[in-house]
């Protein structure tokens, strides 16, 4: 058991605080002889990096990753891969007043209640900065999936809602996601989001969002009943992203309103489909009984507005005096934006783990 | 790693198939010297037992639990507790035709794709019958919580929606839950649900539902960042219940539409509150940064309509011929109903596990 | 983490006390489609069963195993295998006086110090009776190895020393092991052992022993540095057998006296050997750097004389009064004898686990 | 599961190769509010550091440890502690010829057989250099023990045999261990060992050794039957040290020759003793039934002569040609020497893990 590790056969352990000297992770269980270099990881970190638009925190981090072990002559060796990212922009004065006052909606208070001592600089361990490690590990996971699966698994995420403004699903275009800084798959929605976020930022407020993540090319058989289900592991992985309060697989909460006939995904023989079976719908989101069907694995999650806002909210300090707290400093008005690459990384890690777990089966791919 | 175990310090391993001779579980990590007998467990199994109303499957199981180990002279010994439930009503002829044909929306196809061999009788391991073991383990978890916490933790669940009919939250009455066979907390909604379910049953169809589960009296400090978060573990536990497609903590998907000021839960000093801090709202559902705040822990999940329906749906058989499948036999028109005691059990197990994990901390309760 | 489970991918959880209604185990992670029935398991239990000669305890247990789950139509399904053995001969009066007095050298005192409550009947959980579950699980592990390895792995153990009387290694004959009730591989030593044991039994005393266990046909590559080493896992498994105080791999403690040239196992090319390499010695006991070499895996362990003796030894009772304790009842004068089938079982379980762990590797067997 | 992690609640994950840029480890599960700085760790690394006498490898490493996370304002925070040690003396030319030729008795061949690709520089991951991480983690474990136990646990190890020359147990003096570079507890034996090692070194040979490690002040109750036994976990930890081939607890292999009366450790009431019980002997080595008794925990292990010798031994290369291999470069003639601080570290880690595991028990210290 380790509170800072996830995955079983593809196992990631992260460490580091927002304003310590560095953050990093150890990826254990990566198979040997997979080509890997920093160049395979850096682009994903660059996508998550803050300061790339006015809608994300202005903290400037190079987020330069170094591989310290587990790779030799350009290939993984099967030994643990240590990934290392220096913290370069820790203006710790920004955060000084939160040492003693708890920000409502933030983990300040619970860390103190649990541990009685915390690194309060920039949120310490509870900072979203930790997710850089997940993104780095996710890049390694993608290389594992590329190796194990005949056709690469395609893992992509997008922002589908900010506040009350959802995208038009009919206008979904994956190419669009990379063209705007909001990871929006619907070009028509971008201007409305920019207007909303501009207003939010000016007001010193923040706003919630919804992210959708999909994996195509996943072979059937991944996931293991009854406590190693693929969808349960995804729920764990996505609910564990900072600020997430809801997770859906496939039709998600919509299924509550459906009848059996509406929810069934009809099947037909298809020699070209994985397992020889094609599906005519995907209400299930690619998972039945906790095992992948071969259809796209589809998940969605809601992320709350960041608790760092300029409006004062009633709170307490460590000595249990009543105080009012407003948060100064650099923050994301919508943390959902930077959660998009994190969502992809978590999907990649969960799939790599389950691919390795399934691989041991007799007759598996 | 074990695909059929969950929890870390309070660890449950379940075994058994729907139509085998028995099902059961091993609870490891239960502390010693906790009074425990079958009488502490049986009432919870009775609540989940099928055949108690016309709205659940007509399979008749005594679901009589036996404790085979780990308890001596009425008290736990700290050694593994083996719980054993015989299967007494396995009319296996009911299920004969699903040996070769996959029911759409069911785990038949994925078990076959993964394992190449499955116990098809009554769904085998994928049957909701396995959840009886969770309920039994949950009863043990409640005894652990009773022992660890000064005032008992109160864990209760209710059905809040069937199909398109939600309850009136303002009419919520926990006492009502035990008075109707649908675990409905709002007496006014019961007739409408009965009418709907009667219609569904006559049509040989099925319908989705939403369950809410709450734990009161949870002390602050349970849950461990960043990959042992209380809410992530709950998401794992609830998403792993048969048929669940979405999980929410606190405000859940609603947070996507909120601003920071709306989502913040204001705090004020209160010497009588856990940790000396009272909250004036609970958008967070009792968890911040993955750690309990001392407020009620609130979770919700959506459960799909069972895939066993009388309407024929296009499918394939093991030989990859096109077939049309309708399911005869005994089924729940709304599996959400019997998921209510299961939800409570999973909440109890997760909390007991985290209570034990936290207990090791210096200065913990 | 589970104190009553061992193995990772082939994972065994045992439960039960000496004088409870039954004992059993759950084997999780056994691959699907392996032929398995009670008949594959029972012979191994019969070998370990007490009461087969005058040199083992006179307790009479049928040790009849039942498979309650995980097998369908004669083949494993990939779901957990529940193995169940009723306790039929629990004359608990034999053990009444140990409820309050601690037997020196026995776990009575430490169980009480740790748990404050224990099932003292027949030693409860600390009884060697629990090892029947290991033997049952080991039989399943053998079936896994038979399936994974091209030529069956041959796992055999023998008693090589009782008290001061060791066997003549030059006279080692595996066939002999099955012909005498002492699992002795050297026919010439049997009479001396029988004389010694007769004398020990008459004196109400007990005696220590050494067991050697070997696995032939193990392919190279099993075991994973640096904390999943095959030899370290074997050391854990064997040291965990009741009464074991020392474990050796290959030359064991002899290596302390060797020089590098004496200890090196020379290699030469051999296309017929596993990995294309033949070894001209096996000081290493088949493991280098924690990974199997393809040579026989050789381990040895020392087991102490059982603490149940008729001679009075100074002790204390639960109330911390000085008492003198002698043990009446049915006991093994040399528990090492019945440890022989247990040793084989532990070797089989460790190898099956590592075979499954290695199998996930790209390019593995 | 993680092949490069050990421990459960006090969990250490190590990474790094002999000639990579750095090595390190992540310690997860260290309780919060324990004073910790580099100064608590460095002295133990200094003891293990090579190049301190002519009897250890002449590689010169500063082995300067840095704490990168998990400590704030001089105290642990409960978050993962990342320890980082740069590699500064990697003269990789020394090792060039082992890229293609397997050194007999070394892990070269098994790493290649398992992974098909390895970092051969200096042994890569199989190098004893990795044990520096264990020593660093062990220093943190000591701080945990200091905090949990009323009187500090005293963990000490010594070399008790080199080749055929054992120490005189009657002359054992712990103070002496720190006065000579061979960690010898018997001043009278040092000259004979120096002569022997001088001869070995001149001959380009190597020699085996025995190390004993003891922990005093361990409270009763540590260790958990039946697969979390303290002695089994110690056996795992010590057998996993590079080159170890045998492990003993208490009397070890001597018990095979004992009768029950000789092996029993008599007990008597003693209000000052842990648990109110004093023992008049310690054949058991402080562990009964896998649980600590309160007596000193005593373990011993044999370590083989390093396989790096100047004498040519028959071997094969990667292409399966016959070759003869002699090892040039810097090596320890007796790796047992530097295993002494490693033994203490492993003991500390195992005890800290079990102390935390036990601490959760109701009524525990």
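A, B, C and D are the chain letters, set down in written order, and residue numbers restart from 1 in every chain.
Convention: contacts are C-beta pairs under 8 Å (C-beta built on N, C-alpha and C of every residue); 3 or more make two chains touch, one makes a residue touch a chain.
Protein identities per chain, from UniProt: A, B, C, D = Chorismate synthase.
Note that the structure is a prediction, hence the values are computed from the model and not measured.
Relative to chain A (Chorismate synthase), the chain whose mean Cα position lies farthest away is C.
Measuring from the averaged C-alpha position of chain C (Chorismate synthase) to that of chain D (Chorismate synthase) gives a distance of 26 Å. Averaged C-alpha coordinates give centres for chain A (Chorismate synthase) and chain D (Chorismate synthase) that are 39 Å from one another.
Note: centroid distance chain B (Chorismate synthase) to chain D (Chorismate synthase), computed from Cα atoms, is 45 Å. The set of chain A (Chorismate synthase) residues touching two or more other chains comprises 1-5, 8-9, 14, 32-33, 78-79, 114-116, 125, 225, 357, 361, 363. The touch graph of the protein chains shown is complete.
Contact residues on chain D (Chorismate synthase) toward chain A (Chorismate synthase) in their complex (touch as defined above): 1-5, 8-9, 11, 13-17, 20-24, 26, 28-29, 32-33, 66, 68-70, 72-73, 75-82, 114-119, 121, 124-125. Those residues of chain C (Chorismate synthase) that touch chain D (Chorismate synthase) in the complex are listed here as 1-6, 8-9, 14, 102, 104-107, 109-111, 113-116, 125-126, 130, 161-164, 200, 205-210, 220-221, 223-229, 231-240, 245-269, 271, 275-277, 280, 283-285, 287-294, 302-309, 311, 313-316, 320-322, 336, 357-358, 361, 363.
If you check the complex, the residues on chain A (Chorismate synthase) that touch chain C (Chorismate synthase) are 1, 9, 31-33, 78-79, 147-148, 225, 356-357, 359-363.
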